[in-house]
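Two complexes follow with chain A in common, the first pairing it with chain B and the second with chain C.
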Partner chain A sequence: MDTTPHKNRIGEAVRRVEDIRFLTGKGRYVDDVKLPNMVYAAMVRSPHAHADVKSIDASAALEIDGVLAVFTGADWKAAGYGPIPTKSAVKTFKDGSPLKEPPHHAMAIDRVRHAGEVVAVVVAETREIAREATEAVEVDYAPLPAVIGIKAALAPDAPQIWDIAPGNLCLDFELGNEEAQKKAFAAADHVVTLEMVNNRVTAVPIEPRGAVASYDKASDSYTLWNASQNIHANRDTIAEACLKIEKSKLHHIAPDVGGGFGAKNGVYPEPILVCHASKLVGRPVKWINDRGESFLSDTHGRDQISTVSLALDKDGTFRALRTETLGELGAYCATVGPFTPTGGSARTQGGPYKFDAIFYTAKAVFTNTALLDPYRGAGRPEASYQMDRIIDYAAANLGMDPQELRRKNLVPRDMLPMKTPMGLDVDSGDFPEVYKRLIAMTDRGGYEKRVKESAAKGLKRGFGVSAYLECTGGGPKEHAVVEFKDNGKVTLAVGSHSTGMGHETSFAQVLAGHLGIGMEDVEFRQADTDATPIGGGHGGSRGMEVGGSAVLQTARAVVAKGKEIAAHLFETSADKIEFEDGSFFEPGTNHTITIRDVIDASNDPDKLPDGLQPGCLNIGTTFERGIISIPNGAHAGEVEVDPETGVVKLVSYWVVDDFGTIVNPLLADGQVMGGVAQGVGQALMEEIVYDENGQLLTGSLMDYAMPRADDIPTMHLAFYEGAPTAKNLLGVKGAGEAGCVGAPPVVVNAVCDALKEYGVKHIDMPLTPEKVWRAIRAAGA
Partner chain B sequence: MPAIKVRVNGRETAADVDERTLLATFIREQLEMTGTHVGCDTSQCGSCVVEVDGKTVKSCTMFAWQADGADITTIEGLADGDTLHPMQQAFRDHHGLQCGFCTPGMVMTAVAIAKQNPDPSVEEIRAALEGNICRCTGYQFIVEAVQAGAKAMRG
Partner chain C sequence: MYAFEVQKPADLDTAKRDFESADDGQYLAGGQTLIPVLKQRLAMPSTLIPLDGIADIAGISVEGDSITVGAMTRHAAVAADKDIAKAIPALSKLAGGIGDPHVRNRGTIGGSLANNDPAADYPAAVLGLGATVVTDRREIEADNFFKGMFETALQPGEIITAVRFPIPECAGYVKLPNPATRYALVGVMVSRSGSKVRVAVTGAAPSVFRATDMEAALTMNFSPDAISGTEVPADGLNSDMHASRDYRAHLVGVLARRAVAEALA
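On to the complex of A and B.
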């Protein structure tokens, strides 16, 4: 990878600063936090999906040597704590009435509604004693019928999970112009309809969730170390809504976080429970989920059933799209929960293709399962899958070429800027060019030869493509503060949050590049409500868009203030000063001064003009984006399918992405590759499965298949950098989620292409050998 | 409680351990070397890989007392002072890590791969990484790092 220096370091493949720590075992994750006198909490989790909690007897647990306390829902209720509220951006039914939000307490009060829900917490001297004691807590349950599966939940005779939510319906939703859609359908030559499942998966960050809470009686305040991606918003919720304290009484810190992908965005029960535990026993309390608990209690993602209809003319021109989605929420509304199947999945409907009309409807449904919340993409992977699957399905049914359908229907460059039928503002991009570049990478000329080579091995080869539209930016505001220290270092504190994306490097790159200082002089701070009092955390691929822009904006403010200092030293006016490559100078004179000297001067009252105080270069600014950015791109892949066994092997993969300006191509590549692997995992193997009683069947890494190194082929990536966006200061469009937006339809399209001779036109994900084998047999029969 | 003696990263240590204490727990909690990570409870993820008497071991699969008398290398023992081990350096050069959680186990496995096969192919590396899960990288840069690290190790 190229390491050539770039102007302002934008576009340079800088190696990561944080890697030294991680590679030498010096990363500090939440389970590495060890406080004096610390004790341990373990959760007693419900084995039932739906049951009344008749009684809890903790006496045997309390007799175990080393057990300090056990508390239950009754204690929780008595303490007067509040439920965890949802922050769903979609808050109302179509008719304007509010969404049905049942109280989501950190532990079950008198009824459990999913397997794994916390019913009691044990606090003990050691982790082992705490775990052992959970077995001694006797809970008397009266099981109730469980509601499992979206369609079952909506059936007229389904048991009701919540009295306030008749029909187990949390929310309904629509977006788009139904009248125009219906008119276009009536006028179109063909309407092709397919029901497709977006399988339930979970993020599985390799670091399980965990937290350490320390209550200080003297100040009546808490410090909470939490494997969280979003400490600011969650601090507010945990403090104000749940613990019912002022937010200043909760110091929230995320140390190094071992991956998140959305599953560590929301407010979870356990960190709140350990805050209470610490107050109860008067000692710091640590809780770390094991992996089995993680499958039960981490939020899950996707889980939608959608009926997608595409209207097109006989020449292949798309006319209109209609998508009707049923999305699962689990037993409660998670932090973002109800938004994902509704607004979250609606926005990018139709992808980068031209439509006269699009209409989207959704129902968000309660079931007796773990909660659903954003997983990398949160609605956009679903929309991309629906769009690019219905294209191939239509092509298969109408005898058309799916790639030609794509090429023909992409929004042409001269239509930009545009507002999509779903209301997204697309300011920049060149979809046909991106698509052309993708196809050019894929060696179509050699394809027939490869098909024959596969056939010689008894394998069927298939080719699949997707063209995606993203929308990124997450929370709109971000704050970046610099503080120049006496030792020559500069502290950069940013309120967004890297859980592996590399902000410690890329943000320092933006700052150091703009100021012309060394990256080794930048000390990065994040995810600590004391060090970074304002922030929007992680989510929606927002890091570089809003966090990076905040860094650049702050750097520009430093330069502006530095010009005042330089002007004072040169005895001239600031408007005559220019700044380049780390030096302030006055053109046409020999006046020049390095930024290092200006920084030194900024702390010396004798060198400052009137009106500037020592420390005047220590500046924080808040950047606020306008409308969200629209990354786009196209993916392609080839698979080999063994028709005898149903085994699918993804053998080639290509991607072209338009992320606007690329700040660090190495890190951007890493984001795409990781996202693609997650998308491939969803398409080929990953699935959360509950049985009809609500028992989780995929409760370990022995049962929940994840991609390993030999499941993923070498990927070939390219960036289209011809269309930076004006929506932020860097011209970037979020890169974090696009990989798993584009990948699932590629895999399924390629497999269906490989199996077309058998008449297989669709298989729902994941494409496990059994499902592929059965699909071949069913189609042939 | 069994009393054990182990040599960890060149340093002799004697300790009393509970019979049930896993080697991973012993390293993390008693030796306070937290570079060895625990990412699952079924010996699937490989975050806890260490070297025990020259063998690559998932330290969550053996008890601490089973390591009595053993010579153990953890991720903390790879670098030579401030100089990274060639495999650590290769992971950095090739962006073979993101969140860093699987990384210690991944690097320990990578070193073992290179020791057994000084010039591994991409396919051989992918197969040999079967016991280590990474959720961030999509593996490609890890594979490139292992190949480059192996090359650097053979000098």
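On to the complex of A and C.
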């Protein structure tokens, strides 16, 4: 790894400074927040997927020693709180009518609509008593038929979950030019169609969700510590929409957060409930979800069924693409739930390939299950899977070479900048070069030998590729503020928010590198609504793109102000001062002063020019990006499949990514590796399964399979840095989600390649041993 | 987890007394099943009686043509034992493939057998190698020990103290792990000692069982080919979201052939 000094430290593989803290048990997560007089809340959750709540009797629970309070939906309603609103960027049906948004209260009022929905909250002196008392709350349910599965929900005779949403339809959507698509289909030599499932998964962050709320009666305000990825936006929602207080009355803090992956983006019921609980009992209240509750109540991701049609000519040239998606929402509209299967999955349709026309339609559908919200990639992995899967499926059906189809149809560099048929602005990149570099890494020359070696073990070897297009940036604005302290340290607070990605390192690297100070002098302040006036949190791979740019912009503002101070000390004008490697100097003179001395001067009224006040280097700036940036890249992998058992082993993996400028290659590698592992998990083993009554069958890690280290091969990663973007100050394109955008199609393509001699052309994820075995048997039959 | 009392006996007699005096006593061996069950509030014993303070029920010894493994011996110790690796490498492999390093360093052979999880590995070793389960009051042949799903011949309060494995001429163990738990979706232990062949299958049915048709075929000809046409009926096998009974029946055949090949290798 290159550790040589870089200009402004951009590109330097700085090791993560936070890891010592995390790995030695010194992280400070929500469950580490311990306040005097604190008590505990536990949730009474519905065992039914769909039922009327006839009555709730809490008297036995209230008699348990140590139980302080029990409250229910009736209490909630009486208190006048508001429902949690959706913030979906797509808000209307195709015909312009508004999406169907049923009221999503923090607890069920008189009907439950998914197993795990909160029906009552117990507050007690200890966690154990609270938990025990939940079992003493007697709830009388009248079960209703449950609606499980997207197609079942859309069936004409399906039970209706919401009166306001006929047919269980929340929203329909379309993007692209249908007329052009149809014309291209009619003119093309071939149209290949495949229905494919993007399996339902959940994030399983190592830190479960949790919150501590402390209500202060004197100021009528709340402090809420919350394992959240997005404290500013969620502060606004919780305060204004739900608690109906001014947002200044809610101080929202996310200390260290142990993984989010999108599942901690949205507003959840429980943190709001503990705010109420704290006000009710007059003491701080903690609630921590256990793992089983997490499977029931965390948001899930993916869960789409798509019919994908690719029109191509007999020479392999792509003409048009049509995708019709049915996407599941669960029982309510989550914070951005309706956006994922609609706009979120539409934007990168077609990937980095050239098309005359693309047309995308979607329906977002209610079911009696937990809610769906972003899951790493939120639509782009779905689009990438659809595109790269239909390529291999078309190649298999038409006798073409899938890699040659990719190479032939990638958008050439001289077409950039361009606007894709889905409206994305691609300003930079070189898709064919990235693809060429990927294939060069994969040792095609040695492949036949490896196939033979696998065959000698009774295994079938296969090779799969994907070429992806991403769009990243998340919330467009970010704030970064620095405060230089007397002890020589500088505090850096950024509204963007780490759930483990390494902001404490990479943001400090940008600031320290630009100012020429030591990284050890930078103290990072994690998400806190008192620390920055705004903040876009974490999501959409925005950390470095928007947050890093805000840090750089603030650093530049510090340098600009520092020049005024240096000029004053040198008795010259600021425009004559230059800054490099931590020193201000006036070229052609012996005038030079270190930034450390300028920082000291900034706090000394005697050394400041008129108009500057002590502390003038304590600066916060807000960066606002323009259009979202377009990372891209290509993945490849080889698998060995045991045809007798159906067991798939991923044995090799290669990636070339264009993330523009790489600020810290070590951290970027980590993002890619984690993303690939997550994508491989989805492709091979992860799946949330409900039975027909809406009972969650994968309610623990005994049944929900997660990839382990030995399921993941060594990855060979490379970055293409020839096309930095001009859309942000650092030239970066988001790196956080790309790994799981590229990986699933690689795995499925490789398995289908391995099994082509049996005639297997498609298997829906996850590729469990039995499914693969059955596919071999069915194809061979 | 519900509240419970804890006793810490240092010898077997005390442990038994602790059990008898408790309202609902529960021995704790390695805790790799019991602790998660307690955490999920699926059991509420009045008293836990950990057995790890009892010195003379752990450890491995070779005596003539058998190897004795103390009940409180951890899986990792079995996997790492040089005598076992030499005498019954299939047992080393089996122990080294249980769960993950955490499980192997806490879980014990006695705990695993007393629990008799349908998908546990050790029942296949005990039945497939024709071992003897030694308790505080008697010896139980493997064929009489496993009685059904999570059921054994153990009486209330009876404590396994050791397992005695006869050293076979050869043996092999092959399993297909459940991707979530790494328990056996199906695992097959095959052994041969003279004219005696044993084929024990775990994971496939409510309890470990012997595949007698395969044993008969392998007694005639101990080779994978001898059982290429021998099927285990799918009726009565486990069927769940991880594997259907048809698939499990198929796996029994595949893994048995591989176990024979491993035994011969």
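Some observations on this one:
One rule holds in what follows: the second predicted complex is superposed on the first by the 781 of 781 C-alpha atoms of A that agree within 3 Å, B and C clash if a C-alpha of one lies under 4 Å from a C-alpha of the other, contacts with A are read in each partner's own complex, and residues count from 1 in each chain.
Simple rule for what comes next: a contact is a pair of C-beta atoms (placed from the backbone, for glycine too) under 8 Å apart; a residue touches a chain by one contact, two chains touch by 3 or more.
Keep in mind the model is a prediction, meaning the values are calculated, not measured.
Of the two partner chains placed around the shared chain by superposition, chain B and chain C are both touched by A:L701.
When both complexes are overlaid on chain A, the residue A:G292 reaches chain B and chain C alike. In the superposition on chain A, A:M685 makes contact with chain C only, while chain B stays out of contact range. Shared-chain residue A:D19: touches chain B; no touch with chain C. After overlaying the two complexes on the shared chain, residue contacts for A:M441 are found with neither chain B nor chain C. Once chain A of one complex is fitted onto chain A of the other, the partner contacts of A:E207 are limited to chain B, with no touch recorded for chain C. In the superposed model, A:M418 makes contact with neither chain B nor chain C.
With both structures placed on the common chain, the touch criterion links A:A180 to neither chain B nor chain C.
With both complexes superposed, B is the one of chain B and chain C in contact with more chain A residues. After overlaying the two complexes on the shared chain, residue contacts for A:D256 are found with chain B alone; chain C is out of touch. On chain A, the surface touched by chain B in one complex and the surface touched by chain C in the other have residues 128, 292, 700-702, 706, 708 in common. Chain B meets chain A in the complex at residues 18, 20, 28, 32-42, 44-45, 47, 74-76, 78-79, 84, 88, 91-95, 97-104, 107, 122-123, 125-127, 129-130, 132-143.
Listed in rising order, the residues of chain C touching chain A in the complex are 1-3, 40-41, 100, 176, 178-181, 185, 241-244, 247, 250-251, 254-255. For chain A in complex with chain B, the residues that touch the partner chain are 1, 15-16, 18-29, 31-32, 34, 128, 203-208, 256-259, 261, 290-292, 499-502, 666-667, 669-670, 673-678, 700-702, 706-710, 712, 714-715, 739.
In the complex of the two chains, the chain A residues touching chain C come out as 128, 131-132, 292, 644-645, 647, 684-685, 689, 697-698, 700-706, 708, 711, 768-770, 773-774.
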